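Attaching a single structure in structure tokens format; questions to follow.
When the chains are written out, they are named A, B, C and D in that same order, and each has its own residue count from 1.
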């Protein structure tokens, strides 16, 4: 059977609470109930819940409200799923709702937020197999759509533990979005105040932002609550490794899934993290330029090595004629970041690569 | 013209100083002089300079002398190369000298050195296109040979600056191998005491350990001294991203290169790190199992997320029947580590993947 | 500039002669005029001009009228194009109009028309990245859309010569569709009676049915008349090598192109056939099962060897649980046919391959 | 267990009859006996049994003796194999014996033997991952070694039937090499006079010349006699589809195999031809130039369409600066021939492609 869950793309998540939510909590009511081997077609709102307009003006980006971030479609109650099982999700197909996509840079977020702090927007025209943009002429980005957020509900105990874990990180100065009822969907208590924010990924999956989860991929989640309560959102037309500007090619989307259960699988395989088989679509590139990033001033620090590779690649793209915000965004939607080595103390090598196929005019 | 530089595989680097060295210093005498567009065939000693035996016994690993690490063949003086130029190196071919390769774990080194601290050795039989091992039955590793170390000489000023930079890291508790005349080749002063150790990669390349530098690849190095003084060693039959156990499939090797110059290119392109185009050989895998690694207890830390992905993958491979040292080594020679996202504060996603093609018996 | 040419998908080609034709003739009036480097978006009708219905009933297939076959959108007049030039066409994007596609077997056509002579229909639901069908459960076909027919207008002299060439073949018993005004668009004379049928490909391209012309590909056509007069139609969602059942996954489509000219290029490069660079999309498969077809009863005959490989593959798929018409159609939309050797007299080897990725349930 | 069968590369097949033969016959004595799951390492002589010298002089080619063609190593008796079983052969590794390879054109053979009738020789230097040649500067061919000939012994009845079948083809004017004791190994009767020549492939495999049988591939053969009697030879460093000049990059080789049995599998699966899973190595190319070959003067003839594509590609390569014999040979070692369509009566499309990666100097 094919079960469909639609959203109204012109309404906010808050106005369609029966199918949409933006916090993780086990008490959110299922939008739909399915059986293993049913197929499900889900429509999803874009990651910013409609805040970004298809205009060059960046005032929308300067004034983003983080409260409604990550409207998720669901939860989906899977009959027979119980804690300790593995939920197998197959991504059968995915694509945009409409033809508008966007990528942006906003103050306070992003891997290089100390360097890139101005609001900046790139609008994409989402074609069938390629996206192009009036804001970065001369490039085209092949479609490899996937859900940035896909995950199952945490148990009540996990909600408490994870909140406490994250509060601990925040107390040491980490940048953390803690539970906050402002903008929460559902807005009813105690979910609004208790529900975990969707920004970080966790043991239940969530905002994994793994570009390889495009159609043809398969993911295994440990089940924590009866019915598993799968939710999906934040669909990306395409994304680079790292999603460095904090956004991919963001879009409202449609995704087709099937699910099955491995009873008692989480215990049997000892699986504590989502496990996946990548999509063939996400690896369509063939020819790359890479720069070897190095953490030259610190010891054994992959974050710094990645930063070094990315900064040097952006500088290289600037020499090729792109402005630095374009370069940063181009990497965010199409770059690759690989940990080439993490053992040659004190310096790691992180390769920052850009596929040559994205350029339609210049030859780099 | 084809220029060949041979080494005696049964002699130590110290006994063939005319073609071999193991420190970075601009005053090491060139082994050979070539012109752009000559081809060069270099033989190289293995990374441990012959300390590892083709026997199951691990006393050799327990007693490694780090002094002679990374015997390099060269330096090669490239006619016409001057500071500010870019040296383009094309890897035309590469392979083992002989059929013995090894991978090991040793106390005090490796990405998981707090967890894996016993000496452990895997011997490889290096075939034409696949390596196999009596120590990890049921796997085979496709050949994608490359130089772990490839770089140009630093200037005298850089030798001073980089030594000082690394001493600073050591003084803050970083694990750093500082200049040390013990085991140095050449042994003459002041090179032995001043020469930079080969372990970390630097602006001149060196121990980049980028698996993608297999035949068919191309690398651009900024030139720092007259003649460029290219050196090559530490050849690997195959390596995973990360080289997590601190060794790949190590071997004595043969490599065929050609070089050309882009005059004044480093200045023109502003290149401060090696830039490369990957080899087609290094990407032969098609089908992977991945685990999403997450830094759940720290803020914005790619190192911890990579560690989490790797530990979970090792645990998964244990469930599949490998012992944990085998699993660690298997990842070290064939795994993938990709920074899926580095923006979803406070938690990053690092995907740790193992290609299914390496397994000949079980199906994972 | 982006120029768009739309068709009415619910009207026949004959009812929209200003943008649609189904014969090759230099006197057909251009639908639109463009400049090199304009982009063009074309909508196209399906290959059978609306004769096939989205129902299981096969009476439509039993009663196909071949007259209107291959409605083409165009011709497109390219400013500045003159005989002797090369017209470079880049396929920027492509996809279906709507979500219905079909594949069929019909009496009197197809590579195995002596064996498969009953009307048979498979309806496809065309998803964003995969097509599936109620008529062949357990398979899914990745999207790699392309125009089956793409070509430039022949000169008047070529129309005469090629008609005469084909009449010669018919006179020796070859199966040839000769000019025929029945169903011709435009219906005005002398075009209707003189215009070449679209079934065979010719020096001007036309019904090349090359699956590799999906988005990302590039084709060079010799120009024969002023303005080149490019026409496009017969779009396929996906096709196997050979298109053995005489149909691919047929659909009405949308295609985005850009063109440029190499002045005097046909003469300069001596190009007498279309030359192309394949799309990356068309090669997404990674894992195949192949059977070595052999012409065991004839001398040096690739046609027989291909037939032998195909028949054996169909028999193999029957053992795997498909009925033979399903198997034939599956190969028609996803198979591979490679001439492994054409020299080992008297017997050639043609490999008939089916990619394993199309099967979602069984493992072959 | 690993079983090794060596040959003396400096001796002719006739001088080492215990391990070498060049006819198909069930009564040839096994060179060795193995059990399923043993590994076997076989050395093989080159296809011409040492007749071709590593010199530019072509008198050797002008005077080829076809009698000793295809020295095969074996037969290998597989314990437990019986008629009706399937023999599964896994190609674990393969490579050259030594570093000399050759490709040639000789009068009377080859796909274009009416056009190319002069003796012509290309010598190859076989590197670890690429071959290059003084006779075609500016190209390099990636290693994808495989056995041109691999097969099992026919039964006595099949020897009779197939001889009769081929005599029938010869009697209609087909070019066929019929049984001939001249040069036969073993030379004893009745094998020498009855034994089938190795040139054509047959139901038992043999000279399949399928480039995709490189390391990593797997082949299933129907077993016709007790012990299966597997033989292997004619190793190629690399080959194009078609092997159009009648030779690939020919070499003496080493190949590592393992075998297993599917009892009664030939009957169960109805398999009448060798079935295989291609090697990942054989598809390393990524970027191609193709020409659409068309049989414009005949009806439904894949041979003519392939010939048309090949002739046009050779002409194109001539414009790029290669002489036509070089172009013919380049295609023979690296080209692709795909049956794009075999239904658009009366004209087929065969795509003749050359991968751009083989060119190191010019850009086509």
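One rule holds in what follows: a residue touches a chain if its C-beta (ideal position, glycine included) is under 8 Å from a C-beta of that chain, and two chains touch if they have at least 3 such contacts.
Keep in mind that this is a model prediction, so the values were computed, not measured.
Enquirer: Show which chains lie in contact with chain A and also with chain B.
Expert: Looking at chain B and chain A together, the chains touching each of them are C, D.
Enquirer: Give me the set of chains touching chain C intersected with the set touching chain D.
Expert: Correct list: A, B.
Enquirer: Please identify which chain has its centre, taken as the mean of its CA atoms, farthest from the centre of chain D.
Expert: Centroid comparison gives A as the farthest chain from chain D.
Enquirer: Once you find the CA centre of chain B and the CA centre of chain C, what distance in Å lies between them?
Expert: Centre-to-centre distance between chain B and chain C: 50 Å.
Enquirer: Please work out the Cα centroid separation of chain A and chain C, and write it as a whole number of Å.
Expert: Spacing between the chain centres: roughly 39 Å.
Enquirer: Hey, what residues on chain B touch two or more of the other chains?
Expert: Touching at least two other chains: 286-287.
Enquirer: Taking the touch rule as given, give the residues of chain A at its contact with chain D in the complex, in rising order.
Expert: 286-287
Enquirer: Spell out the part of chain B that touches chain A in their complex, as residue ranges.
Expert: Answer in residue numbers: 109-111, 165-166, 168-170, 172-177, 199-203, 205, 207-212, 241-246, 269-278, 287-294, 296-303, 306, 308-309, 312, 315-316, 319, 336-351, 353.
Enquirer: Within the complex, which stretch of chain D touches chain B?
Expert: Of all residues in chain D, those touching chain B are 92-95, 127-130, 140, 142-143, 145, 214-216, 254, 256, 280-281, 284, 286, 357.
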